[in-house]
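Here is the structure we will look at, set down as structure tokens.
Labels for the chains are A, B and C, by order of writing; each one numbers its residues from 1.
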Amino acid sequence: MAGLESALAHLGSIEALAARATPVHRLDPRAKLLTTGAFLATVVSFGPRQVIPLLPLALYPVALGALGDVPARPVLARLALASPFVLLVAIWNPLLDRAPALAIGGLVVSGGWLSFASILLRFCLTLGAALVLVAVTGFDATCAALGRLGAPRILVEQLLLLHRYLFVLVDEAARLLRAHALRAPEARRPGLRVAGSMLGQLLLRTLARAQRIHRAMLCRGFDGVLRRRGALRLRAVDLAFTGGWCAFFALARAVDLPRLLGGLALGAGR
Amino acid sequence: MHMSDAFLSPAVGGAMLAASGGVASVAARRLRRRPDEGRVALMGVLGAFVFAAQMVNFAIPGTGSSGHLAGGLLLAILLGPHAAFLTMASVLAVQAFVFADGGLLALGCNLFNMGFCACYVAYPLACRPLVGREASARRLALGAVAGSVLALQLGALGVVVETALSGASALPLRSFALLLLPVHLAIGIAEGLVTGAVVLFLRRTRPELLAGGAPAAPGRRSLRPVLVGAALAAALVGGVVSWFASARPDGLEWSLARVGAAPPAVDRLHRLLEGLQAATALLPGYAFRGDAAPAGAAPWPAPSAGTTASGIAGALLTLGLAVAVGAALRLARRADRSPRTPAGPP
Amino acid sequence: MSHHLVSAADLRFAYPDGTEALRGVSFVIHHGESVGLVGANGAGKSTLLLHLAGALLPTSGQVRVGDWPVTASTLPQIRRSLGLVFQDADDQLFMPTVGDDVAFGPLNLGLPPAEVDRCVAAALERVGAAHLRDRPSHRLSGGEKRLAAIAAVLSSSPDILVMDEPSANLDPAARRRILSLLRSFEHTKIVASHDLDLVLDVCARTIVLHEGRVAADGPSAEILADARLLEPVRLEPPLRLQACPRCGGAAR
């Protein structure tokens, strides 16, 4: 319960961030969505043991977040919350794959640890980018972009309505749980039968609400399509944003930038 | 159980995204053909319901643990498979976009594992035939449990296979399956029980609501789909058990606690798994094999002091640069903003 | 002129579970009238409102709105001329932002984008909520939600405004605001409410519903002052018309 409530608080903070007006917020949501897609594809296209070549890609979420005034702490906190399963799977790699793959001075690093680090890094990059994307775009605009990029209309409408009523229904569930806790102070959580009734009640209310919403839609001329105002318009700056970043991703994929940089630095030092 | 972007190869992620996107567009087309009759509102609010329902944690009988409704099967019972699939798609998309559960590329995998398996496999095969309008409470509960177990086992298997195909985990397919499937068996039973409880509640209070979702006509209800479902589940469980048996000839060695605690056991386990995987690897090119890594699986060049040093130095520099760029951009934004809007954001 | 007329003739309706909600309701409401619809819980107020908007169709009898009988085929015309504000604003504000919601009706009427924007701005201006346009609906206070819901109906410029419990769950300041807003409308108004003080303030005429029938229909000042009429239908005169408990005198 606390988990979902904190998740809702997180959703609220994401919304507050999305309401800001930085140049990144003003970019066309399609440009941001496509660029993020290209970013994700680039990240996962690296080999399973590559760690260092992935590092330059961190520039994308970092720069996007910085330009969009997204504070780092909530994003990192969200990543930490989502990490247990990834850790659970990744931790087997160092246990099982213990052949040396890399030597740093006297320290030998096994392939397992490399792939472990690689998985964690990918996890941070991909999910960090997704979180930053929504924080600088907003959920609604992201959905609008999905629709314009060809997602089925029904799915886009579904996303919008789900997001709208998430808060209403979670409040309702919280009230139910509070009422249960007040009248059954001994039970830490409801048993199966009680939970079935509670969920059933919640479901009945949900269905009644669906009917009222449908009536409200009909009363205002709903004919099966949820229409929204405002057309998206791609500007030169959107194209430059997408083009520029994609070029950077391609460069980072083709050239091992850190090694190049390190070589230059060490060479200059000599 | 959400598949994560971090385990995906582009091929697997892309293929699953395409597959799930295809199913979604077919489902959308099917739905569009029917008149709305409140479906838009109903699907939207039920999607939100799935989130809210996950707050209601209940005690699983006979154990000390708790479970919550995942929702895929209940949605299929209420809405039918197409609308349920799209509703699950929206739930998973919100989780991926907003809550960092899974990830955007993994959305295809997750939609397949948790949406497709529940709505298009478990529901028609195991659940619908058992949950007719006049089914007894026991039969209904059985149907819900069978459906949930099947859905969750298939979903967990999906995670295992997708991870293995992507080649991200050194854990061999079978061991990974052994890790996930039993856990999901327990979750599936709990999920099925609570789904059954909710459906029973609905049947007591608003029987007409279930009429649309469970159209098993009396008299025409054949047991064949149940048998197929049961056979599928049996094959799955049997396969798992036999894997399990063959993977540990000496019975107790394979235990998570011991693996964590005793390094010698790890070594033995390691060799055992290696051998097994060498014999059974689905895609040897992608497999992790510490000693004899095939070309392409380990793109990291052979260790050599010189390249390593420059690699490490470069990594540190890159990290430093990224942080510096971020900080500089932030400072620039602040300097840019402060003269014009002295008051910060509300 | 029958243009903004609303009438019901022997209207009957039973829900699918057999509950008879309306058992022969008849009335005629003329252009520009403001009518309060009062009655105890379960008297049939909300069911009646849903019939006026065509969200429910009668089991027998007829509803007419303007020149049209309310039937499945006339619904588009009905919904163009009559706007219904729901009791729970959360049910009515289903779009992501207030602006989207206010634009919903005009967009469904097929208006061109510039005209839609004009309607949205005008409707929000009318209820004094222009600053809410880009706010997400679920982040509004109760009073703001109510204003947004009213604007969402006004944007389609209906001739007849129907409201279900406009003052429910509002704090006194928000209630006062809604009240003065209602008084400023020149539409034909039909207001269902338990807030009899509000009905007395806003509506010249009151229809009392009791168990699915019209128990009384006449000037609000007379009906709402008649305790002997109101008591059997489980209502009480507005506080304003009751004797003052301190001094024993009537409050007027």
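In this section, a residue touches a chain if its C-beta (ideal position, glycine included) is under 8 Å from a C-beta of that chain, and two chains touch if they have at least 3 such contacts.
Remember, it's a predicted structure, so these values are computed and weren't measured experimentally.
Of all chains present, the one whose mean CA position sits nearest the global mean of protein CA atoms is A.
For this structure, the chains sharing the highest number of C-beta contacts are A-B. We define each chain's centre as the mean of its Cα atoms; on that basis chain A and chain C are separated by 43 Å.
Spacing of chain B relative to chain C, judged by their CA centroids, is 48 angstrom. Separating the centre of chain A from that of chain B, both taken as means of CA atoms, is a distance of 17 Å. Annotation for chain C: residues touching 2 or more other chains are 94.
Residue positions of chain B touching 2 or more other chains: 41, 44. Annotation for chain A: residues touching 2 or more other chains are 139, 160-161, 163-165, 168, 209, 213, 217, 222, 226. Residues 50, 53-55, 75-76, 79-80, 83-84, 86, 88, 90-97, 99-100, 103-105, 107-109, 113, 116-117, 120, 134, 136-139, 152-153, 156 of chain C are the ones touching chain A in the complex.
The part of chain A that touches chain C in the complex is made up of residues 12, 15, 19, 139-140, 160-161, 163-165, 167-168, 209, 212-213, 215-223, 226-229, 231.
By the touch criterion stated above, chain B contacts chain A in their complex at residues 1-2, 4-10, 13-14, 24-25, 28-29, 31-32, 35-36, 38, 40-49, 51-61, 66, 69, 86-87, 89-91, 93-94, 96-101, 103-105, 163, 167-171, 175-176, 193-194, 196-198, 200-202, 205-206, 209, 259, 266, 269-270, 273, 288-291, 293, 296-300, 303, 305, 307-319, 321-323, 325-330, 333, 345.
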